[in-house]
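Since the structure comes first, as structure tokens, the remarks are kept for the end.
Chain nomenclature is as follows: A, B, C, D and E, assigned in order of appearance, with residue numbering initiated at 1 for each chain independently.
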Amino acid sequence: MSNLQILQITFYGAAILLIAIGLYAVVTKRNLIKIVLGLSIMDSGVNLLFITVGYISHKTAPIFSPSVMAKYKTIHAAAQAMVDPVPQALVLTAIVIGFGVTAVALALVVRLYRHHNTTNIDEIRNLKW
Amino acid sequence: MNIWNLLLSAIVTTLLGFIIGVTYMGIRRKIVALAQNRYGPPIYQNFLDILKFWSKESNIYHGVMHHLAPLWMIAMAITILLIVPTQYGSKFFENLSFNGDLILILYLMPFGQLGMALGVGQTGNPNSAIGVTRGLSLLVGSEIPFIMALIAVMIQYHTTSVTDLVRIQQEHHTWIMFSSPFAFLAALCVLPAMFHAGPYEVIIAPAELASGPMSEFGGKYLGTMMSAGSIFMFAKLTLFVDVFMGGSTNWLWLIVKTFTVYLFVIAVGIIMPRLRTEQAIRRLWGWPLVFAILAFIQVALF
Amino acid sequence: MNTLVVLLLILFGGGIIAYFAYNIHKIVGDIWLVLVGFAASIYYIGYLDVSQVLNIHLAGFVLTLALNSFSWIFGLLIAVLLPLVALYSIPYMKGQDRLGWFYMLFLFSVGGMYGILMAGDWLTLFIFWEIMTWSSYLIVIYRRSEDAPRVGLKYLIFSAIGAYSLLTAIVLIGANVHSLSISKFFEVLPMHSLGFKVLVGSLMLIGFGVKAAVMPLHVWAPDAYSTTPMNYTSMFSGALSKMGIYGIGLIVINLYYHSGISLAGEIVAWFGAITAVLATYYALIQKDAKRLMAWSSVAQLGYIVAGLGIGTKLSVFAGIYLAVLHGLFKANLFMAIGAVERQAGTTNFSELRALIRKMPWTFFSALISVIVLAGIPPLSGFVGKWMLYESMITSGHYVIVVFLFLASVAGFLYAFRFLFGVFLGQEEKEFEHVKEANPFMTVPMLLIALFLIVLGTFPGIMFKYIARSMADLGFYGVTYKMSVLTNDWGQSINMQYIAASLVIVFVLFLIVLTWVAYKNSRNVTTKDIHTSGEPPSEEDNYHFSENFYRPFQRAFAFVYKYAITPVYNEFARGIEDFFQYVRRLYTGNAQTYALYVLLFLAILFLIAKNIH
Amino acid sequence: MKKAIAIILLAFIAVELFVVFYKIPFGADRMNVARFYLENSPKKLGVANAVTAIVVNFRGFDTLGEVTVLFLASTALGSILFRRREIHTRLSHLRTSVEASVIVRIAGRFLVPLIILLGAYVFIHGHLTPGGGFQGGVIIATGFLFLLLAYRKFTIEHRTITFVESLAGITFAGIGLIGIFLGKTFLENFLPAGKLNDLLSGGIIPLIYIAIGFKVAAELTGILDTVLSISIDVKQKEIESQTEKNE
Amino acid sequence: MVATNHILVTPIYFIALPLFFAFLLPLLGKIYKSFIRIVPGLMFAYLAWMAVVLLLYVYKTGNPVIVKIAGWAPPIGIDLVFDQFTGFIATVIAILGFLVWMYSYLFKKVEFDNALKYFLLLMLIYAGSIGVVITGDLFNQFVFLEITGISAYALTAFYRGRDGAEAAFKYLLIGSFASTFVLLGILLIYTQLGTLNMADIARNIDKMDPTIKVIAFILLFTGFGIEAEMFPLNGWAPDAYSQSPGPIGAVFASMTSKAGLYALIRLSFTIFDFSSANELLFIMGILTLVFAEGIALRQEKIKRMLAYSSIGQIGLIMIAFSFNTYLGVFAGIFLMLNHALVKSLLFFSASFLAYNSPHKYIKDIQGFARYMPVTALMFGIGVFAIIGFPPFSGFWSKFYLLSAMAEKNFVILIILVLSVSLIELVYYFRVLHKLYFAEPTGEYQPHTPRWNAMLAMVLLALIIIAIGVYPDLVTGFIGKAAHAIMDKTTYINSVFSI
């Protein structure tokens, strides 16, 4: 097993495990806060996957800083030595969206707590059938 | 056909039917009395009755329908008598026999009864209305086997006309009662019900004077109705004879045949106890219906 | 301008204007209504150009408006009824609110009927069919009575069942024939497979059968007919139900007899016969005049369906004749009931008594109609019955004919029940104030009655049009005489002689009897009767109305034991219970929903290999 | 039961996902569009940070959405919690947090300006160095968080927040619309690209990123402020219930 | 194929203007309080007009309007595609957006802050929905989906007194699942093709590893299916519909669900080339339809019933699209239009009928027809239209749908769909009967709608009747739309030709 393979298993495995853990928390935990935490963990897993996918072996960050330019001389050469910037950009968006969702979720938890005086999801079932 | 001729024959036929019918009624009263070990009235008693009714001076008037009821009866009775062929081959007694057929006759019968029922209804006598409902209920019982028998005959001989049926029987020298025995049996079984006689007399309930459809009729109304009833009775007998027993070519033969049938009706009436309406319907839908179905099978198979 | 469109415009536009007219003032509305009624009627009879065809291209379909002589005769029925009913409605609906709404729907439904008759393609037919359905539904629930929701829903559900099967058939036609034209469909039909024919035919028959109240689909009819205001019921039962008959006629004749599946026609005839019998049986145990007549309508429609189903020349002829006739006399009867309802305030047999002296003209027209209904000669009902029976006997359908006879004989029972229950029997103080109905009500009724009488002796008046429409159904060379009826075996009856004999004898004896008895007649009340020597006192009322046909009911108890309504109810309840259970899937717990999502995902993963 | 089902399902899904992702070679170069971005962000836009170029220009539309999401979150929070900021201001004395220690307070005084400065630096240099509007905005928000934690009496004027938030948003959307009004496309660069790695390079990108920075800072601060009001609410409830008990 | 850079009329405004005014609205509110109502209205009106103009342009010239953003042609930049199909749906959403605004013009008149937030969220959910529809980029679609989602969560929890928060939390939970799955799906596609542009993906979809392609499809399908309220994934929907403010139910029915549905359809029709996608849509459509309509039969609350009914309609639309025939797609688009119009009308009128009852039980509104005849009539028209009586628009959509089924000779399916229709008829008319026949309980006072709401309802009803009487008003557009969604190549070519 090569180094890369080990890395691959570790990163993918970790990310998917994070997603699974998040999902597990969402599906089984009774506490609303824990459920929201689960959602966050899930998001983190997805984000980690994004970054992992964007990585290219032995390449550097996609910034044409003076030092990089000094090293590679031309833009083209520098560009060849950089990782995929798109997933990073996407992750930025995803993180912000995740943040927004989490904020709203927490606000809802507060509302629910005020309304039902509990954070147990099993007891919040006014709407059914 | 000459219109005066037609009128004349109609009047003659009606008169004959009236006389024969009333006489039959007298005979029936006599026979029933004898069977019940009574002396009974004379045979001409019904003529006297009708005469008496007609000569009554006072008249109870309940309303228009009450007034019209006997007229419906007599119009129906005479029309049926005119339609039913009485004399096969006789030009004079042809009457309306080519202008009507079995279905028409069957549908004419309720014409009179409806009129009577309406008249009865207007009198406000509840018992009369009860009598009418019984009569109508019984109609369902008797009509179905009878019509089935007739349909079997009609289909077998491919005609709906009574005249045709008589012609066929006369030409082939046979009676339908032999060629279609089941149809005949079915019709025979329901015959008492059609005469409201025998076990099916719950409608007029002759023993209980107060009830029965006709109890509110008196005087000339009752006289008219009795005349109509006797004519109607004769017409029905003639129809039966025409359909099942070959009709006749002269009046004597017709009287013999009809009287035989009538005798059967009287006999059944004497022997059988009265039935309640639902019992009557069930009985009518018993064997007669079986016979009628057998008649259908016969038609279908042969 | 196309005359067909003008007619539709008169009705639909008239309906909308009627709404506003009634909101201005009742009198304005009434005048407008009568105006529209007569205008439509006169326009239809006098000015309509039957040969005109109009094609409208709409939504990728060709909508065709074209009248043929088969549909024309149904239109004639409507055209006769519409002005009369409009006249009748003026006093009948006096004092009701929302009249504008009512009459708008009224005219819409009439417009819908004309639309159906004019439809040259199935889509047009369906559109107008639905317009007719919802407008009539809104009229059924117009009164907001206690059971109006139940009745309305029932009517609507069954209408929808019908409409949906119709729709299914239509889309199947559209997909397989590639044209929605009715005539084209019948042209190419023989080339299609048996399965297609049977499927489409049955669906159409279900669709039309609902409106024609054929037996398992009749459940709505008694309720709907009796709940609706009577002036509309006379159109409802008289004309609207004929739309079902029109459709059944089209289908049965064209589909079955011209493409060779006669067995199906037999089945239809059987449905009609059974409907006739059972509906008659139910009619005679009803306790309300409206319901009685409603069931009677179902029964009468059964005859017509049977006639059309047999499909011989004479039986179809009889079917159409009976259809028109039923439209007339049943309209008349419902009008009479409406008059009674209006004047006496009830139509319940146990309350009504002896209105004959109070409302003689109503009684007369009801009597004539009942005689026609019962098919007693010499009135017009008999003509239809005779042709129907003869056609069945001559074509060998003797079992069906027995059923119809049974229905017909039992029909006498309810006919008498109706007349006795409403008009006859002992008089009651309660109804002393009752007066004869407004002339606007009685005159239309009497007109119809007169027509029915004339039609009995001279049915040829009607035969002319029927013979023409027969040609449209593919029965060519139909001959008729003014008053001689001939069956397929060549036997004939002459109505003139029969009627003459009856009338002569009747009149003769009438003169004699009146002459003889008039002088000494003693007018008595209905209390002055012979009841075993116990005449009732003034307070007592010996009216006979409860358990009218108890012996009959006892004898046929086995018939009354079974009914289809509970079956439908159980079915509906079963569905509701099922979904009551199913809806627990939505537990209200967000985590359960999340689990569903995961489960869904897992299932998709499992079948991922099959996705290609 | 539920847990068992969940574990089985999740295990299955996770394994399935892993199997799929395992097919994707790790660290391999699969750039397609990205290649273009890398090549052109310095060339055409004069932006050193390719990620910034993508975020603000190539996929700037996403970012507009992203900013909207943040805006939405803060609005939603306000709408969901129904705590008007006026009330919050009025009730700030009820804040439950214990008065922070002297160290924190003093440190705050020194650190908060620095933090804000750092944040500003980060978003101003978004197109040159790692970081950008979002990152800078978050850093500034932490500065305000510090203040909120350190000083019980510290309140943020909500009008200011709204104003900044709106203005920044309008700037972003407005800059985009200017592109249209200039006959170009939405969000298209209409300023000279400048020299690579210059502070004043990248056309509209730094402008947008600055707007984003302000917006994110304001929104995050607003959100923090709103969330803090929850504690006030709880405290208020407690006080009310206590007074009830006492009575 | 023309990139119109018209200053006044460009699809970009569908997103740019709502966002711009959303940011601006708090400031405008400071200037003059009524601006927060008037300005969105002007904007909605403008956008509705613009949508119609654009649609007419597209319809007449046959060229889709494709806009590139930031000056980069796809697949480099993000593009907005306003073709016959997306344009039609966007127009429907735009017109309904205007009507929803008109309906809620006086909403929360006294509470400035709430009104501000309401109109803000309304604009954003509108922008999000239209964005999902007209964007040509998969990740961008995800972003808009999230905008739609978060504004929907906030709107669901808008009312304090109700269980809005509970509904919103459920929605959020499931919605987060959706976003996770969508993101994973997008990621999988990106790893294979290195692009996010839909047309580009569709062009190169064959180059994907088959296994990964399937999994990506499943993930996206599930994610969008959640937004489209597909059967087992729609646990949130009835709660959200029933707890949100009145007009928002209409927004959910006519905008967000349409957006989800659009995404699903685009996914199955254009992006992926699975033939089983149609079968999947078909099966899920039937399940959605049957379960939703059946459960709606047993509802005691009016808005919940409407919600289930709405879900059922979505199932119907999915079935229609799953045929993948011209007629089927045509019927599907017509159904989408009809559903948007009619459900909006129903939600509009129902929410006023049930204005003051907190749980909106059907029994609470009984007999209200006598107090608010016009609203009840509007509800009635809605019911008639959804049942499909001519001459209301529902008839045509139903007829086309059944024609599409008949074309494939799915007799059993026709019977199934019509049976479900019958169930629908029963529960709708039960409500209508309650409304008109029952005696009012007197517990809740009816609340008569004000002129703006009345106007919105009447306008909707008129549109419904107009389409019903003269369907050619829309069939032309729908026909082109159906061609557009079914023709993948033209879509790809037109995107890349700018």
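What we mean here is this: a contact is a pair of C-beta atoms (placed from the backbone, for glycine too) under 8 Å apart; a residue touches a chain by one contact, two chains touch by 3 or more.
Keep in mind the model is a prediction, meaning the values are calculated, not measured.
Any chain bridging subunit B and subunit C, meaning touching each of them, is missing here; the list is empty. Within the contact network of the assembly, the step distance from subunit A to subunit E comes to 1.
Of all chain pairs, the one linked by the largest number of contacting C-beta pairs is B-C. Taking the CA centroid of subunit D as reference, the farthest chain centroid is that of B.
Chain centres here are Cα means. That of subunit C falls 44 Å from that of subunit E. Chain centres here are Cα means. That of subunit A falls 16 Å from that of subunit D.
Distance between subunit A and subunit B, defined via averaged C-alpha coordinates, is recorded as 102 Å. Centre to centre, using the average C-alpha position, subunit B and subunit D are separated by 107 Å. Shown for subunit D are the residues that touch two or more other chains, namely 2, 6, 10, 13, 16-17, 21, 24, 30-31, 33-34, 37, 59, 62, 65-66, 69, 72-73, 76, 80.
Shown for subunit A are the residues in touch with two or more other chains, namely 19, 23, 26-28, 35, 49, 53, 86, 90, 93, 97, 100-101, 104, 108, 111, 125-127, 129. The multi-chain contact residues of subunit E, meaning those touching 2 or more other chains, are 139, 143, 146, 150, 153-154, 157, 165, 168-170, 173, 177, 184, 191, 194, 196, 211, 215, 238-239, 295, 298.
Touching chain pairs in this entry, ordered by label, are A-C, A-D, A-E, B-C, C-D, C-E, D-E. Taken in their complex, subunit D has these residues touching subunit C: 2, 5-6, 9-10, 12-13, 16.
By the touch rule above, subunit D contacts subunit E in their complex via residues 16-17, 20-21, 23-24, 30-34, 36-37, 57-62, 64-66, 68-69, 71-73, 75-76, 78-80, 82, 84, 162-163, 165-170, 172-174, 176-177, 179-181, 183-189. Touching subunit D in their complex are the following residues of subunit E: 3, 5, 7, 10, 12, 15-16, 19-20, 22-27, 67-72, 75-78, 113-114, 117-118, 120-121, 124, 127, 131, 135, 137, 139-140, 143-144, 146-147, 150-151, 153-154, 157-158, 160, 165, 168, 184, 188, 191-197, 200, 209, 211-212, 215.
Listed in rising order, the residues of subunit C touching subunit B in the complex are 354, 356-357, 360, 367, 371, 374-377, 382, 385-386, 389-390, 393-394, 396, 398-399, 401-402, 405-406, 409-410, 412-413, 415-416, 419-420, 423-427, 487, 489, 491, 493-494, 497-498, 501-503, 505-506, 509-510, 513-514, 516-517, 520-533, 542-544, 548-549, 551-552, 554-556. Within the complex formed with subunit E, the subunit A residues making contact are 19, 23, 26, 32, 35, 39, 42-43, 46, 49-50, 53, 86-87, 90, 93-94, 97, 100-101, 104-105, 108-109, 111-112, 115, 124-127, 129.
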